[in-house]
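Per-chain residue numbering starts at 1, and chain names A, B and C are given in the order in which the chains are listed.
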Amino acid sequence: MTASMTREQGVELLRQMLRIRRFEERAAELYQLGKIHGFLHLYIGEEAVAAGSIPALMNDDAIVATYREHGHALVRGTSMRSLMAELFGKTTGCARGRGGSMHFFDASRRFYGGLAIVGGGLPVALGLALADKLQGRARVTACYFGDGAVAEGEFHESLNLAALWNLPVLFLCENNLYAMGTALARHQSQPDIAAKARAYALGAESVDGMDVLAVELATRRAVEFVRQGHGPFFLEYHTYRFRAHSMYDAELYRTKDEVNAWKQRDPIVTFQQALRAAKLLQDEDWDNLNASIAAEVEDAVAFAEAGPWEPVEDLTTDVYSRTVGDQLSAISQTPSADR
Amino acid sequence: MADFVMPTLGADMTEGTLVQWKKRVGERVTKGDIIAEVDTDKAAIEVECHATGIIERLLAKPGDKIPVGTVMAVIREEGQPAAAPSRPQLFTPQPVSTQPVLQPDTGTAASPLPGSRLRISPAARTLAAERGIDPTGLRGTGPEGAITLDDITRAAKGAVGVATSANAADRQARMRQTIAAAMARSKREIPHYYLSTTIDLSRALAWLTAENGRRPVTERLLVSVLFIKAVALALRQVPELNALWKEGEAVRSERIHIGTAISLRQGGLVAPALHDADRAGLSELMQRFQDLVKRTRAGSLRSSELSDPTITVTSLGEQGVETVFGVIYPPQVALVGFGKVVERPWVADGLVVPRPVVTASLSADHRVSDGHRGGLFLAELDRLLQEPHAL
Amino acid sequence: MNITYREAVRSGMREALQRDPRVFLMGEDVGRYGGTYACSKGFLDEFGPERIRDTPLSESTFVGAGIGAALGGMRPIVEVMTVNFSLLALDQIMNNAATLRHMSGGQFSVPLVVRMATGAGRQVAAQHSHSLEGWYAHIPGITVLTPATVTDARGMLLTALEQPDPVFIFEHAYLYAMEGPLETNPVAVDISHAAVRRPGKDMSLLTFGGSLWKTLAAAARLAQEGIEAEVVDLRILRPLDRDTILSSVRKTHRAVVIDEAWRTGSFAAEVSAVIMEQAFYELDAPVVRVCSEEVPIPYPKHLEEAALPSAEKIVRAVRRLLG
């Protein structure tokens, strides 16, 4: 516990982690009730990463995330209502309900998804950073991905190119040890991911992803490094998901003992204890926190329930910018004079 | 239960190819309904059904070559229970020629392939429907013998079947063979005798001119219709000429169906029937005659029209022929020919005057009739043509 | 004014770079090398390394970076050297470029232009002779252009750069050296309509890209036989201008589709299906396709020629169709 942290800062970090936890616990229930369908990749256990890292970014920095991105969008500030509505598939969702759990988008917060092909977000993040560089903007693009992405060619291509072109990208690897069900050591000859980044001439650091304060500190340093124009930086968070890969799996790939051991390091429990120990959190604060988050979650559920479905007539809107019913005329003649 | 068999659509027909069924199993048919389309060597013909009931089973499939008399379908009377699934006399297509089973693809898919529909382009089908043309008998000139827009357009102009296509040429050759077989059989088996007489047509033509003057252009009568009607009425007086030779004896026909020889533009001829010609009025006969000519050339004759004639009338006047010596079309026993109507010197009341005349001839089967009866027939014909108003 | 197709592409890119600071070019060997097909020769000196960016051989990543840069407000032109290598970038094209707008509920546009050479005919064997533009035309969310003329090679690029959505331009490698008239100062070249390159009444020959010239040669030979074939250059494979196709077929009642891709699942199959669905009762003959043989394109000239559509094959197909 750093001496410099105020009570407000501490409670806010706890609050964000708790929001993620409660939002997802409720989402899991709603999944079982048939309100949410498809894939639902829960972030439970990994909350310290999003909660600690995203506040280190500025509002006009960009975020590219993965299919396990509920926490990132929540911390970034997208309303819980629109996120829950998105899980429901309602038009009031953050992507009009078209994306669902894996595809949260929020242009106003420069939240570029919600990209669900493993490794696919890295090149896009590179391009966002390139655009900033070419336009002389001191912005940072934060790109989240998991340890599974390390096996993809795009990971290596992107690290190489980002370093080669000195792009303002922050590579944030959420290493939860498993690419779905395959342990890191079972798919990487060199399981030290940060070492790979260094091999591409990137600055790289590994940090305890179960410790929200450690996450925040390391991320602030990294963001600052990138914003200063020193090029990309690579940060690896050691973390762990407590739940199945998606809603259910048989968990044949890891032992209960291992899961229980990591649960001892639950980022919310440990941080709450630390705050109490530092006298920054009272029982009353904890209760208030829980009550207000519970209310926020229920409000979000009610909002999602109440939201309308997108009319089928709108099915093909937004395939192209100028969508007309018939694709034939989707692209009309464009006069060049309007430039 | 009634069997529908491959009909004889002409004496020369020994087999036909089923083009398509027009009815399905379970469908109700009424006597006279078109049940199938059969390709003979002469034309694709719509075949009528002679029973009323429900189609119980279709035993042949399109593309099958089927000998005449073979059961093709079973028709159950309404109210009768459906038959047990197996019935002894299932149709098996028999090889009727000595040709090898595997035939090289000569690119003449004129008749639809087994199991396929009429080979006609969608656009041609649409145009045919618009113009009211039955494309069934048309010969396609498109890829793989398909009927195309051009074929329909030509048909609409009356030019049916294009002799230039391999297809049409092929069919023409087959028709020639068919006619050859029938005529050879006729000359081989039938002891012909021939009679002719010249008939004064002045009254008939005067009456016709006056009559046509009263009619709209489209309803005007042709002299050949007078001939047909006169032949039909004359046969009432000499009924032995209106007969069919069957199994060694002549069977007189109670009804008079005049087979009217119509030549096809691409060569060959057919002689479809004008049914009950003796009972039809001239206007009706004229209308039916025109329709028959049109449908003959469009290839859309009905089976009964080809199989029913009891005698044939052929007029070759248009070709400038004066006297016809016709060959009888078996199993008929007589043929009446008319030549050109010409002006000839004629002795009337002791004076030589020009008169329009026609030479009518009779070819008759000596097994069935003698010259005496034949002479009576021609005399009766002459008499009838002198009283045209009564026809 | 006659210029080469290569020069037309170069001129289009140069104009775009000059007039819009958001435009930049990236791809393999576009800078120092001057472009594999010399379409960006001299650009590095003229526009500098920030805007003319040589990339590593990382197709997926530089196409993805193009998507990101477009999201970030730029107007990137990404040159994927050839369609053969674009397969390595297919994930970015299919999963990101094409989906982002719809999947985000209309929040994001990807104004990206990707150019690549396509096609066979230069004896470069099986791995460098693909014609996969038809595959790309399968993907909703992107626009697929196949310029066949000098004017289109230049003009389509400029119009493409004004689109808010990703546009893929397939330049047949055989055409770069071809000379043709550049319509001087054309009004913006439209990327909505197919073009009738030769009018005729007997037969519609529908094609695009490199096959256009073979088809026009075939039409000229047919004309000597008295067959007036109409040649339609589809120009845009997606969104397909069905109206022009259908109005031609309604006039001629017969269609041959010429496509350098393999027959099975080819774009020609799509065109054929459109005709079948929307002009069936106009057809006076089956729609026929002239496509490549279903083999990896071989190296020896005689075998390559045997594998690809040719004017001769088109003429034969037309004759067959006329019965």
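What we mean here is this: contacts are C-beta pairs under 8 Å (C-beta built on N, C-alpha and C of every residue); 3 or more make two chains touch, one makes a residue touch a chain.
Predicted model, so just to flag it, every value in this text is computed and none were measured.
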Q | Touch-connected components when subunit C is not counted | A | A | B
Q.
Comparing the two chain pairs, does B-C have more C-beta contacts than A-C, or is it the other way round?
A. A-C
Q. For which chain is the distance between its Cα centroid and the global protein Cα centroid smallest?
A. C
Q: Compute the distance, rounded to whole Å, between the mean C-alpha positions of subunit A and subunit B.
A: 87
(Q) So the centre of each chain is just the mean of its C-alpha atoms; given that, what is the distance between subunit A and subunit C in Å? (A) 39
(Q) Can you compute the centre-to-centre distance for subunit B and subunit C, using the mean CA position of each chain? Integer Å is fine. (A) 61
Q: Would you mind listing the residues of subunit B that make contact with two or more other chains?
A: none
Q) How about subunit C: which of its residues touch subunit A in the complex? A) 19-20, 24, 50-51, 53, 55-56, 58, 60-74, 76, 91-92, 95-96, 100-109, 140-141, 143, 158-159, 162-165, 187-188, 190-193, 236, 238-243
Q: Please give the residue numbers of subunit B that touch subunit C in the complex, ascending.
A: 121-126, 140-143, 146, 148-149, 165
Q | Residue numbers on subunit A that touch subunit C, as the complex places them | A | 62, 64, 93-99, 103, 105-107, 112-117, 120, 122-132, 134-135, 141, 153-154, 157-158, 160-161, 164-165, 317-322, 327-339
(Q) Can you tell me which positions in subunit C touch subunit B when the two form their complex? (A) 253, 280-286, 320-323
